[in-house]
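Next come two complexes, and both contain chain A; in the first it sits with chain B, in the second with chain C.
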Partner chain A sequence: MSSRKLSWYRPGDPWLMLLPTVAGLALFRLGPMLGSLLLGFADWNMLTPPAFIGLGNYTELLADPVFPAVLRSTLEFSLLYVAGVMALGLAIALLLDRKARGIGFFRAAFYSPVITSAVAVGIVWSWLLSPRYGLLNNLLATLGLPEPYWLGDPRLALPTVAIVQVWKMSGYYMIIFLAGLQGIPHSLIEASKIDGASPRQRFFTIILPLLSPTTFFVLNVALIDSFKNFELIYAMTKGGPQNATNTLVYDVYLNGFVHYRTGYASALSYVLLACVALVTGLSFLAKKRWVKYQY
Partner chain B sequence: MGDAMKRARTILYYAVLTLLGAATIFPFFWMALNSFKSEATIFSVPPRWVPDLFGGGDPFANYRIIFRDFNWARFTVNSAVVAGLSALGQVATCSLAGFAFASMRFKGRNLLFALLLGTMMIPVQSTIIPEFLIMMRIGWLDSYLPLIVPSVLVGSFGTFMFKEHFENVPPSFIDAASIDGAGAFSIYARVYLPMAGSQIATLAIIAFMNAWNDLLRPILYVSSEKWQTVTQALTQFQSQYSARWNLILTGSVLSVLPLLVLYVFLQRYIIQSSVSSGVKG
Partner chain C sequence: MRQLRALGIAALILAAIFPLQSQGKKTVLQYWSWDSSVKKQNEDIIAKFEAQNPGVKVELTTLETTEYWVKIRLLANQGKLPDVFNMSSGYLEEWARAGLVRDLGPSIDRDLDKKSFYMSVLDAGKDIAGTGKYCALPYALVTTVLYYNKDMFDKAGVAYPSASWTWEDFRKAAKKLTIVKDGKTQQYGFWFFGRYSNVESWVFANNGRLIDPATNSYKPDANAIEAMRFLTDLVLADKVAPAKKEMSAFRYQDVFPQGAAAMWVDGSWFIDNNRKIAGDKIRWDIAELPRGPKGDGKSVYGWPDYVSISPNTPNADLAWKFAKFVAGEGVSLDMYMAGKIPTYRPITESPAFLEKGQQPANKGLLIKQAAKAFRTSYTLGWSEWRGYGPAESLGLNGIIDAIIDGETSFDEGMKKADTNINKILKRYYK
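Our next item is the complex of A and B:
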């Protein structure tokens, strides 16, 4: 390497091409992350000048009786969502992982709620679940069963919203599982058949272990996705009844843009950020224990 | 396994699929069906399976009302402009960034790429308050801009997808073009971009859908009816006319329909986006 090879691009070219990305990262991601952190130490309502109050917002958060309820809703929603989409996504993927007539149609059908707006989904399900005229309660009444107040009962509202989100998103995870299943070498499945393994043995000793990288990927995506439930809650319950469906993302919106508690909402948004970081970190730590990458 | 047994299993298999499929499709079907009912019959118990507007009267009465009295055409145009420009913009910025990351070596490249991917998982609510302040300060409230610009400028998913694709292009393409005197931008535009048709389609459709379905930014940044998107208008409609379910459901149908049509024709690209990365937005 005696002489420097002439480059095919000018030194400024990559930066010119990355200008929008760098600007966007600074203005809409990193800048606001720093901004939220700083605003979290301020008492501010966007109208009067902000006042520095140190950890005041965070101590208030811990004392606020609503905050534990918000954390509980967030956690409960996440658990129901992740368990729901993973179980249903895998089950449907297993059903569709074969060559049969009409598979393409069913795959398209299961995916269709994914592309639909959460607002429309929330509206339609509110209508189906409405207490007196809703189709579901009509059916229950005909069968002589009790008619629950799905979205009005504080004990039922959160599971109901979570199940609707599972209904909406399972198709997305189904597609990822399906890709994972189709990546399992056929020879292994065939060999197990020749060895006389039952379908159940085949599932637990071959398919599930070989699917574990996909499962891990799905778990990660689902965990992060489980925090993003703002639209559906806005369309179905607005955080109620009695904060039963008030999750972290919704509470940030409520405090920031309904109650105009900018500083307090910023502190909340950092709790949200910490939760996402924690969950992602934990699942990566757990990865080593159960993911098998070798065939 | 006997033939009868085999047939029974096939029937059971399709029965399970059909049941699950029906549970997925039914809410859409019921929504569409009820958009052809009048306000009087929408609450009838037991529910009517044949909408009253089909038998006499104007079957599209609700649709006419919603376009005539509620400005729905304007909302639809707004959504189409916001979603269309978001899609175009994201394709441009992400393909450029993906090209730079894939083919050029420069200082800070790995750090920048790590930041781009690392901040992808952050929920928008954790950065929305400062973002709102920025939008307010630069006077972009009540316009299309705050609904388009943030997603156009940073597209992690799209950049990642283009980078992966462009990394598989043999470097001889660059050598050949640069010997002919082409600069970096012309190599990008005339050699690389034409090779990424599938990626362009995938990103365009995903960006279009995300912008069309977005709710948080519209409700924060837009207050006058002039700039409202369909998704936002629907929530306003829901809270203002909470008893008029025939119109609310008609609005829902109209908000979903354009995307369903796109989905029918571009299914391959949409499903591809789930497989290729599993990250939205």
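Our next item is the complex of A and C:
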């Protein structure tokens, strides 16, 4: 193609096309991010002008005896969520990766909790988990088993909320895994069958390694997603009992929009950002050890 | 001719740009409300006010509570507050100290018909503001009452609560009303958790206090400790009330109307919820809280909602006139959820307020309470140290829950409350 045919092309044009998106991002994403970075160094209750306090918010949160508990809850929730959605998402995807009558219905059914309101999910699960009248404890009682206080016991509340979040979101990861599974060349599976590989061998030596780029993508999306746990905690436990489910994102909300400690909440949100950056950074560092991009 | 045409065009353009000038300029008042459920009633009040005050236009902005506070705080920060706006007891001190609400004292002295308002409620606002000034005009009040299930009382053969009830009478009744079957409690005599209205009501009924006003520190006196000990013992020793964890799936306001407990103490505005949830399935009523061993029965725990006026309004007199109207003669009973008490006496003391034929039969109690002195525990940072709303599992609320859930002892809990709450209060009262 000669350069004369592209005489209408000017190098600056793509930038012009990108301008609306870049301007929108700068104004509504990067601007507030920069604003909250600056507010992290201020004492501001939204009511009166902000006062610069240097690292005051950061030193306060590091000295706060509640902060390590909040950090621990955040990481514990994250671990349970990532492990849960990856295992369950893959298991459902393997179950549904077949041609069968009505398979579309099951795929939609497993996906439906993803698009259900988190508050509605939280309320319904709270009823199911009710110590006195809940379905689960009534079943346990019928079997003569102990009836735990799922949401009232500080040792159980966080895992319980994390499991509900896993139940809600596994369908989303199932769809990604399903796409990954369907991208594996069928000839490789066929060849392994001809060679006499058992289903277990096929899964661990063919499917799982070939699925690794998808698994890596799922891992990172799930890691980032695991820190966004506000809605279910708000609907089910409100950070309790005794701070047991108070995670960083819930603490940001409480300080920012309940106590109006906007500077402190901004500092907390940057700690949250650091956590997300750290775990995704570690995941990228470990990538070349286990992710295979070539068939 | 050309000049004439140009002049005509210029006149048309000017008329298009300044249409109001040709109609006569109106004075505009901005009014902000947090209650979307009474938007229609607020519009009716405004229509009445505008009819009585030609040349005045009131522009109403109604927002949901959370959005309301974020937006109005930012407006206050920019010096652009609406002329008249709703104010909560929980934030009044913060706003008064920051000089963001107008001192209404001179206007109240000058032309408020004091016989038409419960002055005790106005005085409560003055106490809460902590500046010695009337910074807000209350339009509604809620008090705390003892809800009781008449069916359960009748079945247990227990006399209904009376004004002479002591705490011991209450404890005995709660024991009789608790039903245990096969080692499991089927019905509790009472229900409470660490919520402010569930606890402070008992503290004040025993003439106690949580906050030392001289030092703005958390320093519960012996009467307050006695009240909190009494309450927690109802769960831990008497076993006539459930642990918080046992009711974790309930909306707290539904435990009583769903028939899981025979008695409950909370705000009077839950009359509305009781009617909706219990319907005609349960016969219930309200009574005064039993007086504590040190209580004198002269005060009640309750808190008002207010209208405040911007300190920067250019129409201060008109804003006061509207505030007085929207809290007083302009209001109608249908804009008050059942259990909310208008501070405008002619409405509250009208026969319609009693809602004869509807539960509770003893709604007149609210009128008696409205005339009493009010006590509250509001301070700066109250929602944080008390554990309120989305923070209800934290703060003092969370500590009391931990005690009744058996996670910590009473003494340990009180020690923790002292350390944690005073740390928060020190940050606010530097």
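Quick notes
To be clear about the criterion, the second predicted complex is superposed on the first by the 273 of 295 C-alpha atoms of A that agree within 3 Å, B and C clash if a C-alpha of one lies under 4 Å from a C-alpha of the other, contacts with A are read in each partner's own complex, and residues count from 1 in each chain.
Everything below uses one rule, namely that a residue touches a chain if its C-beta (ideal position, glycine included) is under 8 Å from a C-beta of that chain, and two chains touch if they have at least 3 such contacts.
Bear in mind that the values here come from a model prediction, so they are computed numbers and not experimental data.
Using the contact criterion defined above for the overlaid structures, shared-chain residue A:Y234 touches chain B and also reaches chain C. By the touch criterion defined above, A:Q242 lies against chain C but remains apart from chain B after alignment on the C-alpha atoms of chain A. After overlaying the two complexes on the shared chain, residue contacts for A:G152 are found with chain C alone; chain B is out of touch. Look at A:I224: by the touch rule set out above, it reaches chain B but stays clear of chain C.
Residue contacts after overlaying the shared chain place A:T59 against neither chain B nor chain C. Once the two complexes are overlaid on the shared chain, A:T205 sits clear of chain B and of chain C alike. Put chain B and chain C next to each other and count what each touches on chain A; the higher total goes to B. Once the two complexes are overlaid on the shared chain, A:T280 sits against chain B while remaining clear of chain C. Once the two complexes are laid over each other on the shared chain, residue contacts for A:Y253 go to chain B and to chain C alike.
By the document's definition of touching, both partners, chain B and chain C, reach A:W127. Residues 46, 127, 133, 234, 253, 257 of chain A lie in contact with chain B in one complex and with chain C in the other. Residues 8-11, 13-15, 17-18, 20-25, 27-33, 35-36, 39, 46, 92, 95, 100, 102, 106-121, 123-125, 127-128, 133, 135, 138, 142, 167, 171-172, 175-176, 179, 217-218, 221, 224-225, 227-228, 230-231, 234-235, 248-249, 252-253, 256-257, 262, 265-266, 269-270, 272-273, 276, 280 of chain A touch chain B in their complex. By the touch criterion given at the top, residues 45-49, 126-127, 129-134, 149-154, 234, 237-243, 246, 253-254, 257-260 of chain A touch chain C in their complex.
Those residues of chain C that touch chain A in the shared complex are 66, 69-70, 73-74, 76-77, 94-95, 98, 100, 243-250, 260, 381, 383-384, 388-394, 398, 401-402, 405, 407. Chain B meets chain A in the complex at residues 13-14, 16-17, 20-21, 23-25, 27-28, 30-31, 34, 43, 45-47, 93, 96-97, 99-101, 104, 106, 109, 112, 115-116, 119, 121-123, 125-134, 150, 152-155, 159, 174-175, 178, 183-185, 187-188, 209, 212-213, 215-216, 219-220, 231, 234-235, 238, 245, 248-249, 252, 255-256, 259-260, 263, 267, 270-271, 274-275, 278-280.
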